[in-house]
């Protein structure tokens, strides 16, 4: 990226660029949509440490440590990641920082790729930590720099909250140069950094006093922007919602909040007095609206704008139409009938076959967060719970303890998720000698977020080799007596392994060993094809849900036969094992074809 | 209505390269001197799900999202996705659609009651909106040019025909963003896409008669020798041998009537009977 | 109408087969029977019959059985080594009760032996060659004319009793040309066809004289034919009562019709004190020897079985009780002589004149035997 | 569509074959083919030799001839020549058809008589207790090869192609509709058609060689099937299984189809003759 150029960057890339320009020396995080690309986009930098941590809490610990060492530190995660990191987060607000510490949290309104829709702004208030809300790529870079400045000026961690639409929105960004900020060194200060009750008690008033100063700052800050000249009503808004309002009401009076915690309530009050009706347009929770109401200012918002899902220009237009600000909308043209297209596991995904086996066994399956969560959907339909990172094992322990499960209890968890939050659960399974089986679906990457490295892969984010965690040895060291590794592409072997592991009394672990077919490198073996003459149209192969297996033009007894898309088929052979009439065979390679 | 911001949509299926294509469009617009915002969703949706990208441009762009009914062009990389996103297109706008069909696995089983129907490829669905349509077979065109993976550039070429951007900016954007070594074929595909004629529509992709309900499994126990082949081949695990080696129907409702057990029973001991009255399938599943 | 022609023995066999209604010939070349095939291949097309040269004798008789099940009268012809190979299917045809005719033109043996010389070495093989308990019908012509007649008779017996019938003669008869009266109006037997509901048809149900009716494949009766021991429906059984009933019936259908099947020629036996027992070509030498002995004043006679099997025990016993000496002459080292001894049961002195050297037994040497066996007595 | 069970002599059922023996699957596929072709069951003659596969003819309601070991093609030759309007189908096994009856099989093929031979290859003598057959793979255990078979095995289809069969195909017992299609195709072919069906013997082969029971053996068949075959339909297809799973190369599909004069006794019927 050329300094001074105008580049088209995504919000995430812009944050990363902002951190680079801010002279950040340590950037850490745990992958999670929609935050992942922040670190990935600077993985190739040699002038800073860019690392994946095993989980968000560790990431924040690392970043806080770096900060105390005098290096500017960036930590990134998705909204639910902050739940994991919240333990450190809440107390980091007490300790304050050394050099600047910025926590970027990407929310996912609409739950495009998440298990809930929580609003990070609530954490800002709970922790007493300032929160900035950029609304596009350009602001994302700008606000990151401001966040570091605030962090150091006020001795506090700073939250930068984006949403999917900000993180994954590309806009024009002007590229600046990197500031040279060498680490200033660690200064011993136990009263500030050792949060024993006696010290912490002293830090609580410091935090509250800091908040007051931050409120003064935001009242005067250029982060709060007033625009428009249309009298009659005004709109307080922040983040991406700001653009939707501008889109719908180009000339309206708008108070845009660049920092949404703490709030510039004096400016809001002044703004409210200049208009007849005051609206708040914010995504998800009525964070700003409640605060304004609590300040005794009349405001409208939640009545007109849904708390469920994402806002959009159309939703904002609809809200203002209901409020009588805009004329009523003619109802939009209905889409022509089309077909639902939920996400599916990739062709050749090594996660799919074990779930077929679990379905066959009739196991009660506690699931976890990752691609394999898609196994909950038809046609696999073989997952019964999915709550949070690492929850599967503890839940399995509990489910087994309840005696309420009708089949064997199996926890399924990915390699990265296991290292993230599964290990304590397995320790508990050993500790309580729970009669469960833990299936670790080791595909050697964090697949769901696009294939990141983790402590089990032996490679760092910046591409250098490191010591991988040995999952099998780890499980054995935890005290699991029955640990086995199986090739998930071999259905019979997987069946046998799971059956034996389930038969084992006490906790057992089965580890699958096929890599993700998409990352780190695309795996494409010789594709397979269906011999139409042999296909009985039983569609048994379709119980796998492989996207490469689709309908054929031909039918048998009124039912569609199948074909395999040779471009996307990875040659994993699982469907071959599912085809009783042996109608699936490999496409011959050129040499074979020539010898026919 | 928005000031000067214009909008277009790209839509396709996860894995088709919608994101890269939209980056090329955004880059070309940027090179043409516009303010540009482009927004897509990725993550889980990329796993074979529906992927779309909004692109807005003009002197100053606010919302990265295109309001409903305001896009000038929709470029769809797949037929069902064209239908899904067409409400974003403004009256009289344009639709560039690849006639390629990717039937999602969930809609690909006509043996289960949850079958959904894949829409027919038929340009007439756009008539009511007075849309300009261009239905192309990008895969065929790219294959003719020697690289099937350049199909997306064919679609971009067709899209470009509806936008007033200098060819130079397009070419620069393509050269800058496509994988190294594929610049030439992608440029050729792009040029071909500008000229490409409407495709001949494929045969209608309608599903055959829908699932008729669980079938009845009739076992002739006196002929059964308990070899277990049937239970091992049943895709729905309807059959099992009990401890005495006697065959039993354990999940009658799941039988889809595939007849594998019947065809592969060496002892003629299984008969599958269709249900008396066919179950009428529900209306096709609509998105949004 | 009849025609008198000079024909070879093997040709007469072919002509007789045709006259009997044979429409299928399957065979494999072997000396001294090959001319039968060579005549059949010329004759059969004229009557819409089928000739096939098979890959071996096993296949030849299998094809014949197949053709017979398809409704054709069918035959094969061979010589010793080939006859050995056919034993498997003679047994099958017996068990499955499939009519067919097998001609064995005997040559010197064992093994390849003397391919171009005569012999009577196969008479016991014709009876006992195939394994298991089984009946046998074996005819032994002694002249070209008799070859013609007995071939017709063989087909008639095969069809009548649903069983294979063997014609056995030696190389000399096969290769001899004689003038023969070829009758055009021969009596031809057809196999018994079922009438009734095809669905209720049991192929091995024989309520009458032990011979069940036999429809052809393709006639609307769908039934099973097997070499396994089977029940009256034709399906395999291991039930001892059913197995015993089947084997007994197959035996009895021949045994109880012994009189109908059996044919014995006698010559100058009425007052004979010494008799010759001979069959086939030796029967003809014996006839001349008897005539010459009579000229010399010796009361000699001849008994010649035309049907070798079932063996004419009662006829032989009758002769034995009448004569002092019974000379048994065979072109082997003693096969039917044992049966003669069994029938005679000590009532006459049995003298064997047995040779197996590839040379025919002449009237002169038989006369010598007659004379030296007490025939010289006044 | 007729219920194929109506072609069975149901009073003879259940058949004698062992649990998991795929011969019954083959029989069913054959009956489906008979039904598809709408053959007159009075005019369908099935001829068999001796062995497990040959027992099949006892269960079907046609004209059936359960002959002697290996000789079925010879019986069938007589039947067909004597009564050409019959559809004649031979059912034989690998030992029956290729060892004791090999001579008859190749000569029937050479003559190009218009019959169909189904050879059910289970790679062992089943009826007699699991002795090695001409098709037992090298190294495989049989009751007469306790230390593993040291003889090379026949490729029946190559043998029959060499013998001049005008139609040669190989199918797997696990592929019922492909079997039916090929059987119907083979029976419709004018001239000698030979169809080898890779079947199983769980009782002996499966047990001796640790392959497993019927279900496992059906899968195992695919691993025997490794080769490449020519077109069954005009579209053409090829079959292949990854090399790691292919101990022995056996092509499947229609391997040969040729129009040549059909043997009918003294004269021959030219391919274009009706």
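The chains carry the letters A, B, C and D, assigned in the order they are written, with residues numbered from 1 in each.
Throughout what follows, contacts are C-beta pairs under 8 Å (C-beta built on N, C-alpha and C of every residue); 3 or more make two chains touch, one makes a residue touch a chain.
Keep in mind the model is a prediction, meaning the values are calculated, not measured.
The pair of chains sharing the greatest count of C-beta contacts is A-B. In this assembly, the C-alpha centroid of subunit A lies 59 Å from the C-alpha centroid of subunit D. Between subunit A and subunit C the centroid-to-centroid distance comes to 97 Å (mean Cα coordinates, whole Å). Separating the centre of subunit B from that of subunit C, both taken as means of CA atoms, is a distance of 82 Å.
Averaged Cα coordinates give subunit B a centre that lies 44 Å from the centre of subunit D.
Residue positions 536, 580-581 of subunit A are each in touch with at least two other chains. Residue positions 174, 176-177, 218 of subunit D each touch two or more of the other chains.
Contact topology of the protein chains: irregular, matching none of line, ring, star or complete.
Subunit C contributes residues 23-24, 26, 41, 44-45, 50-52, 54-56, 58-60, 62-72, 74, 88-89, 92, 216-228, 235-236 to its touches with subunit D in the complex. Taken together, the subunit D residues at the contact with subunit C in this complex read 9, 12, 41-43, 45, 47, 57-58, 61-68, 71, 73-83, 85-86, 103-104, 107, 265-266.
Partner subunit A is touched in their complex by these residues of subunit B: 2-3, 5, 13-15, 23, 26-27, 30, 35-50, 61-69, 80-81, 83-87, 102-112, 114, 116-119, 125, 129, 148, 203, 207-209, 232-233, 235-237, 256, 258-260, 263-264, 283-288. Across the complex, subunit D is touched by residues 526, 529, 531-536, 556, 571, 573, 576-577, 580-583, 585-588, 592-593, 595-596 of subunit A. Of all the residues in subunit B, the ones that touch subunit D in their complex are 222-229, 232-233, 263-269, 271.
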